[in-house]
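First chain written, first letter: the chains are A, B, C and D, and each begins at residue 1.
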Amino acid sequence: MKKARLEAFSDGVFAIVITLLILNVKLPETDYEHLAEGLPGMLSSIGVYALSFLLIGMYWMFHHHTFSFIAEVDGVILWINIIFLLFISFLPFPTSMLGKYPLKELPILVYGINLILLNFMGFLGIVYLRRNKQLSTSLFTDAAFRTQMKTYFGVNLMYAACILIAFFSPLVSILLLTVLTLYLIIRSAIFVGIGKCILPDGRRDK
Amino acid sequence: MKKARLEAFSDGVFAIVITLLILNVKLPETDYEHLAEGLPGMLSSIGVYALSFLLIGMYWMFHHHTFSFIAEVDGVILWINIIFLLFISFLPFPTSMLGKYPLKELPILVYGINLILLNFMGFLGIVYLRRNKQLSTSLFTDAAFRTQMKTYFGVNLMYAACILIAFFSPLVSILLLTVLTLYLIIRSAIFVGIGKCILPDGRRDK
Amino acid sequence: MKKARLEAFSDGVFAIVITLLILNVKLPETDYEHLAEGLPGMLSSIGVYALSFLLIGMYWMFHHHTFSFIAEVDGVILWINIIFLLFISFLPFPTSMLGKYPLKELPILVYGINLILLNFMGFLGIVYLRRNKQLSTSLFTDAAFRTQMKTYFGVNLMYAACILIAFFSPLVSILLLTVLTLYLIIRSAIFVGIGKCILPDGRRDK
Amino acid sequence: MKKARLEAFSDGVFAIVITLLILNVKLPETDYEHLAEGLPGMLSSIGVYALSFLLIGMYWMFHHHTFSFIAEVDGVILWINIIFLLFISFLPFPTSMLGKYPLKELPILVYGINLILLNFMGFLGIVYLRRNKQLSTSLFTDAAFRTQMKTYFGVNLMYAACILIAFFSPLVSILLLTVLTLYLIIRSAIFVGIGKCILPDGRRDK
């Protein structure tokens, strides 16, 4: 299995999931005169649509970044990647749940667990790569490994906090998740480089 | 992030959205004897399907053209592009709305705002590229920048006009949008080159 | 616009349409005990699924073959190709119609017209290529042009016959369309080469 | 037809099918208070989703492995591959059936037959390749052929056993299918190589 083919397959899955999300934004089953009544439901669906779209876009970038550490794909990395994609492909389900039952704790619980499991697969991949250095590129330095570990632990902690807060105030939980997503997006944008297209440590991302 | 990978991902999203549109053309829930009664609804869905299909095809070409100006992708261009794709992926929703409630003002309003936001992201990308010339190719001349600016302002003005007209006559609004789409298609076809495959300014598009 | 990018985009649309077809094969809304009653409906949907899948697979091959005649893509070929893809993407609609109302004339009429318009776009492309020889490859000989013309006329004649026959016997019409599809598949398989992978005229397809 | 284009098309279909599966995991049509009642149905859908996702992932790897034996694609291999993809694309239907009617014999029967037909197309391809050695690569040794034959017969025997057992105990049948899938995954992971990325026979997979 060439690395490039696994990457192309993963990109395909990302592109399809991100585009399928719109199927969860549904019109209410009413005639035009009563469409206004269905508006709040539509707006919550649209908000959740945007959140999931940006999150999946962010994971796509992150997936790409992780693959810059991988020189060769073995059977374990391959299956860790497929199960990672399983959790990416699953996201439309909690997304539709969150759109249909906004500001309730159960959808946030399912959404949060999905994201935690997603991160867990990424974490597993990085740990496995660390123990099988012959599969990694020279970009996978000790510093890169530690940054990844910190990111996984930090983000999962935030996801867990969102879940816990949901039992007290679903609204605060959703707002926190939105802020976290925007923070991760800005951080990823800075990482790829702003303006001068230079990585924080002065190397160019390829 | 290599430019080629972002382009391939964008192409994937375009191909999926354009193909998903057909899921909005639904059969009425009647038996065969009463199928004729559902015909007007189906025909309006099919008309809107064709309009959105051609519009997305046109934006795909335009996206490709814009990327000929980009030499290197940084974090800002990457996220502008992802949010641009968010608005492309959203189009099936106003399309289904327009198909279900034809000749009403609200669907046209949502459809029009979607298109204006789409253009706004493209506009943002071009302005950012102008301010970060080190990311652009030699094709991104002052003349090319001005042409892009004129196109964004002109087309958004037309979209805004369609929205305004919808409050007086939805039919005229839809007809205007259709004529505008056909005009943009013919213009894009001429730009890529007719017959001799030569750009207006004598250079070949690659 | 490079030819390769238009081909990749077209391949993407083909792959998505062919895979979306399964969404039209739906389970009846009954509990398990009454599932048997919904079986005839499911079987007709499955039959139509297989027919459309094979037809689209065949058009995919044919599209690939046609592109071997094209050296450069201009604006007209580009838009002929996008409208061709519009009719490919539309096929799931008559497919679902034919599955829901089997052995009725209207679905066959819509299905047949869709196929005829599909062929018409292909025909238009070939005629345009003939008049703009500078866009064609050396494979686009006079003999190749005549073969294409004969195929379009012959197949469209058969499609028209299927539509006409549908008004007398939908069953015979569907059977004829199935036989025609199988004939086109066998013909295309022979054309690509059997066993020795040689084209009929001794050249290898690349 | 270049082998690479057929592989890319097949990869596209695999990526789309594997991602479409989530559309079968549906929310119950109840308000939030009664969501708990729909939970068992959702859980069975989710379980079947995971099973089909992993199975399709496994077939994707297997498809890739099989193509390493093919040097040139002729018309017969092309159509065997398209019909193989037809059975891959069909899997969402028995998957949704199994999710809607869990622990019933009919869905397992349909699911099992689908898998057996899938394997049959793969088997057909390998036998055809054996008889047309000029189309195969040097990797397609006698030993490789025998391994493939054994795999097809062994796995189909297990699928048939799952179907038979379903008439006595659907639960045992599903458990057996799950164990078989996990076994095939582990086996495929070992085959691609664990840790040192070396094939069982010491050659590296490319």
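By definition in this document, a contact is a pair of C-beta atoms (placed from the backbone, for glycine too) under 8 Å apart; a residue touches a chain by one contact, two chains touch by 3 or more.
Predicted, not measured: the structure shown is a model, and the values here were computed from it.
Peer 1: Trace the shortest chain of touching neighbours from subunit A to subunit C and give its length in steps.
Peer 2: So the least number of steps between the two chains is 2.
Peer 1: If you list every residue number at the subunit A and subunit B contact, are more than half found on both copies (same) or fewer than half (different)?
Peer 2: At the contact between subunit A and subunit B, which are copies of one sequence, the residues are largely different (under half shared).
Peer 1: Rounded to a multiple of 5, how large is the rotation, in degrees, that superposes the C-alpha trace of subunit A on subunit D?
Peer 2: Between subunit A and subunit D the superposing rotation measures out at 90 degrees.
Peer 1: What chain is the most remote from subunit C, judged by the mean position of CA atoms in each chain?
Peer 2: Relative to subunit C, the chain with the farthest C-alpha centre is A.
Peer 1: Where the CA atoms of subunit B average out and where those of subunit C average out, how many Å apart are those spots?
Peer 2: Result: the chain centres lie 27 Å from each other.
Peer 1: Averaging only over C-alpha atoms, locate the centres of subunit B and subunit D and give their separation in whole Å.
Peer 2: Comparing mean C-alpha positions, subunit D is 38 Å from subunit B.
Peer 1: Please list all residues of subunit C that touch 2 or more other chains.
Peer 2: Only 8, 12, 16, 20, 23 qualify.
Peer 1: Work through the pairs of chains, note which ones touch, and then classify the graph as line, ring, star, complete or other.
Peer 2: ring
Peer 1: Can you give me every chain pair that touches, using the contact definition above?
Peer 2: A-B, A-D, B-C, C-D
Peer 1: Mind pulling up the subunit C residues that touch subunit B in the complex?
Peer 2: The contact residues of subunit C facing subunit B are 1-2, 5, 8-9, 12-13, 16-17, 20, 23, 72-76, 78-79, 82-83, 85-86, 89-90, 92-93, 96-97, 100-101, 104, 106, 132, 134-135.
Peer 1: Quick one: which bits of subunit B touch subunit C in the complex? Just the residue numbers, please.
Peer 2: Residue list for subunit B touching subunit C: 8, 11-12, 14-16, 18-23, 25, 27, 32, 35, 46, 49-50, 53-54, 57, 60-61, 64, 185, 188-197, 205-206.
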